[in-house]
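Should a chain be cited, it is by its letter among A, B, C, D, E, F, G, H, I and J, assigned in written order, with residues numbered from 1 in that chain.
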Amino acid sequence: MALFHVRMDVKIPHDLDPEVRAETVAREKAYSQELQRSGKWKELWRIVGQYSNISIFDVESADELHELLQGLPLFPYMDMEVMALTRHPSRIDD
Amino acid sequence: MALFHVRMDVKIPHDLDPEVRAETVAREKAYSQELQRSGKWKELWRIVGQYSNISIFDVESADELHELLQGLPLFPYMDMEVMALTRHPSRIDD
Amino acid sequence: MALFHVRMDVKIPHDLDPEVRAETVAREKAYSQELQRSGKWKELWRIVGQYSNISIFDVESADELHELLQGLPLFPYMDMEVMALTRHPSRIDD
Amino acid sequence: MALFHVRMDVKIPHDLDPEVRAETVAREKAYSQELQRSGKWKELWRIVGQYSNISIFDVESADELHELLQGLPLFPYMDMEVMALTRHPSRIDD
Amino acid sequence: MALFHVRMDVKIPHDLDPEVRAETVAREKAYSQELQRSGKWKELWRIVGQYSNISIFDVESADELHELLQGLPLFPYMDMEVMALTRHPSRIDD
Amino acid sequence: MALFHVRMDVKIPHDLDPEVRAETVAREKAYSQELQRSGKWKELWRIVGQYSNISIFDVESADELHELLQGLPLFPYMDMEVMALTRHPSRIDD
Amino acid sequence: MALFHVRMDVKIPHDLDPEVRAETVAREKAYSQELQRSGKWKELWRIVGQYSNISIFDVESADELHELLQGLPLFPYMDMEVMALTRHPSRIDD
Amino acid sequence: MALFHVRMDVKIPHDLDPEVRAETVAREKAYSQELQRSGKWKELWRIVGQYSNISIFDVESADELHELLQGLPLFPYMDMEVMALTRHPSRIDD
Amino acid sequence: MALFHVRMDVKIPHDLDPEVRAETVAREKAYSQELQRSGKWKELWRIVGQYSNISIFDVESADELHELLQGLPLFPYMDMEVMALTRHPSRIDD
Amino acid sequence: MALFHVRMDVKIPHDLDPEVRAETVAREKAYSQELQRSGKWKELWRIVGQYSNISIFDVESADELHELLQGLPLFPYMDMEVMALTRHPSRIDD
């Protein structure tokens, strides 16, 4: 398994049609929750004061991660930063 | 409770006495593991290719977080980036 | 209680409808003053030469701060920078 | 009166003589507290996770501010960022 | 008196109505010349190759400076950088 | 398998003992060539005008990559930038 | 022959006509595959989580590279970063 | 005479009328060639992979340079970076 | 004549011999005052809170400016930023 | 032939032995002049106010350029920025 740290900053254009916007945000939520249920989207937090999140993905491979991220309904409106993670030598569990 | 995302980049000067260095790194590990056992240092990952970590702290307050971080034996040799986290509206659990 | 330092840079798109703009700015002012009266928006200054402010928030938690910031009528048009504060060891009062 | 927002990041060289360091830090604290008592150093907070502070100065003029900052015992070891502040139109008091 | 160094970068949107643009630029010029005559806008230079200026303001206070800058007809279309100045110890005059 | 793009910028301190330096650089070369022979260090180029390289690693996992990078004799003297790669949809082979 | 490392970040404006967009992306793919078949576009990877690629070009000259890049149907919508590469002294083959 | 190094990055808005665009680019070329013939625009190169150029101007003064640059038909659509040059002490000619 | 805007940030190494430091700073002051008297170093201000100055030079040419700057006793310890200035079209005098 | 634009910023450590420094600078000058005579180091200018140069190299290939740059006696003390150049379509000669 492969662990990735992803920061997503959402930047929806102000002139996007409000219905398209609402529908896209709703699909994003459903998609995200489905991935959380599958265990692949392992952690998800909101950064205080930002329309941004910090996520931890636990996937088969970087290829699978790209498939998942690219499938996000808000993908065209997000800046993403991806970092591969590994076990920390001081970590007590796992 | 308060959740914080911390990135620590370790930059030990090359001319630090090797014994001081080894002893400081050992104390850092013990200190980190004690905080992990207490549940306050909730997550700890190594960033691939970096002498850096991503950590999640689950503390009483920002004041407590500062106490903990400042107590790190490697604190004088680290660049830190701290972000407050909050619940994400799409999160399925908690 | 938790203390946060927030910088807000307002960037209203030039093509926003002037009435929407005026109404949003008016609601922002009312909302801000209500939070100031409650004691949660503890300090508020304008940065000279900028359409920006420096604010100090005194809230229950980072979660409450996010609720407040997200509720700002100008939130979609602002860049925000949030830093958690703690007591300075040289501070004479409190 | 003139209000200024100052961020100070302390970067004491690792090879500074420990006695010089301790003595400088002690003088810094005394100097800071004297200015706080005079009302000129109006606010002082520690940034969580940083050897840095956010300060508000309430002085006669920018000239006086420079005198005060330049007199800080740690001045040679600090990066400073100074911004002039003014009254915010939404502020309820003063 | 208080001395400030201001850099202004003009970024008028390409789709601004040409008449509005011309009229705004004309008002900016008149406003600037009035402030120069009053002695408050003490120096004004164009940066070579840029639609930008370097200005020195000599005002009663930072509050007055903010009033003046905010009143610039091009204010909504400019990025500003403000620095407080003070007497240099090597300066021979004043 | 997992593909990673790594940029390494070598910054050996000027005051490092010349013998230590020469010996470390020699070990780095041997280590690198061993990894190239194993197929894990798949591509290696010098950036023109820089003491830097661009590398492609083809490894079992990000965990293995971290082990390999951390084992580089020059690791303490390098800045690294790691990016996970995946198949490009326009790629003709593989 | 000359080797170049190119990073391309695709930034298609959100308001581009969807048909123009689809047709441009299709022509880009055909053009890219033709260059790959010719051996000039030697490597092509997608960066995980980004609408970006890392490419290696193997061309006669920088002049030829510019011709190729400028001919890309998506050229007006891409940020490019070009670096000349050369043989690495530790490389085992070639 | 005064020598200046100028980098120009052309950023024509995607929604500019194609005829206006073509006509502006044509006037830019004519204007540039006239200045090259006069000897004032001494060198002109394209940066590989960019819609950018590196230019050397040989003019009477910085004032003249600003007049020339400001007169460029593409001036409103370019980011410019200007550096004054002087004779290098190791230069063999002139 | 040619007008230049120069920002100088002084960064004297902490381990410089105190006598060398004092003597260099004294020579810098004398040199600066001589150039001010000649009219070439036309303006000189301290930036509040910084060991930095903003200067205006009024010289024959960029070549002369470089000679002057390079002759500064603190030149090896300063970061410099140089911008050519020209007359602003809204300027009322000169 | 291949044309490259190189910016070199010289950063010699303050504690380098003065004799080593003088001898290295002298060798750099001789090396540079030899390359200028060969026609490979085609242009060389000093940036005003900086210990930096802008150079144009006219070489067989990027490989040759790297050999030349790496052979500079000051190479270990310089930051370099290399850009490949090509013919500009508006250029009148060549």
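Keep this in mind: a residue touches a chain if its C-beta (ideal position, glycine included) is under 8 Å from a C-beta of that chain, and two chains touch if they have at least 3 such contacts.
Chains and their UniProt names: A, B, C, D, E, F, G, H, I, J = Muconolactone Delta-isomerase.
These numbers were taken from a predicted model, which means no experiment stands behind them.
Among the remaining chains, those touching chain B (Muconolactone Delta-isomerase) as well as chain I (Muconolactone Delta-isomerase) are D. On residue numbers, the A-B interface is repeated by H-J, which shares over half of its contact pairs, out of the options H-J, I-J or A-F. Annotation: 40 Å between the Cα-based centres of chain C (Muconolactone Delta-isomerase) and chain I (Muconolactone Delta-isomerase). Remark: chain B (Muconolactone Delta-isomerase) and chain C (Muconolactone Delta-isomerase) have CA centroids separated by 28 Å (rounded to whole angstrom). Residues of chain D (Muconolactone Delta-isomerase) in contact with two or more other chains: 3-4, 15, 46, 48-49, 62, 65-66, 82-87.
Pairwise chain contacts present here: A-B, A-C, A-F, A-G, B-C, B-D, B-F, C-D, C-E, D-E, D-I, E-H, E-I, F-G, F-J, G-H, G-J, H-I, H-J, I-J [touch as defined].
Contacts from chain F (Muconolactone Delta-isomerase) toward chain B (Muconolactone Delta-isomerase) in the complex involve residues 4, 6, 13, 15-16, 62, 65-66, 69, 76-77, 80-82. Interface residues of chain J (Muconolactone Delta-isomerase), counted against chain H (Muconolactone Delta-isomerase) in their complex, comprise 3, 5, 28-29, 32-33, 36-37, 43-49, 53-54, 56, 83-93. Only residues 14-15, 46, 48-50 of chain I (Muconolactone Delta-isomerase) touch chain D (Muconolactone Delta-isomerase) when the two sit together in their complex.
Against chain F (Muconolactone Delta-isomerase), in their complex, chain A (Muconolactone Delta-isomerase) makes its touches with residues 2-4, 61-63, 65-66, 82-87.
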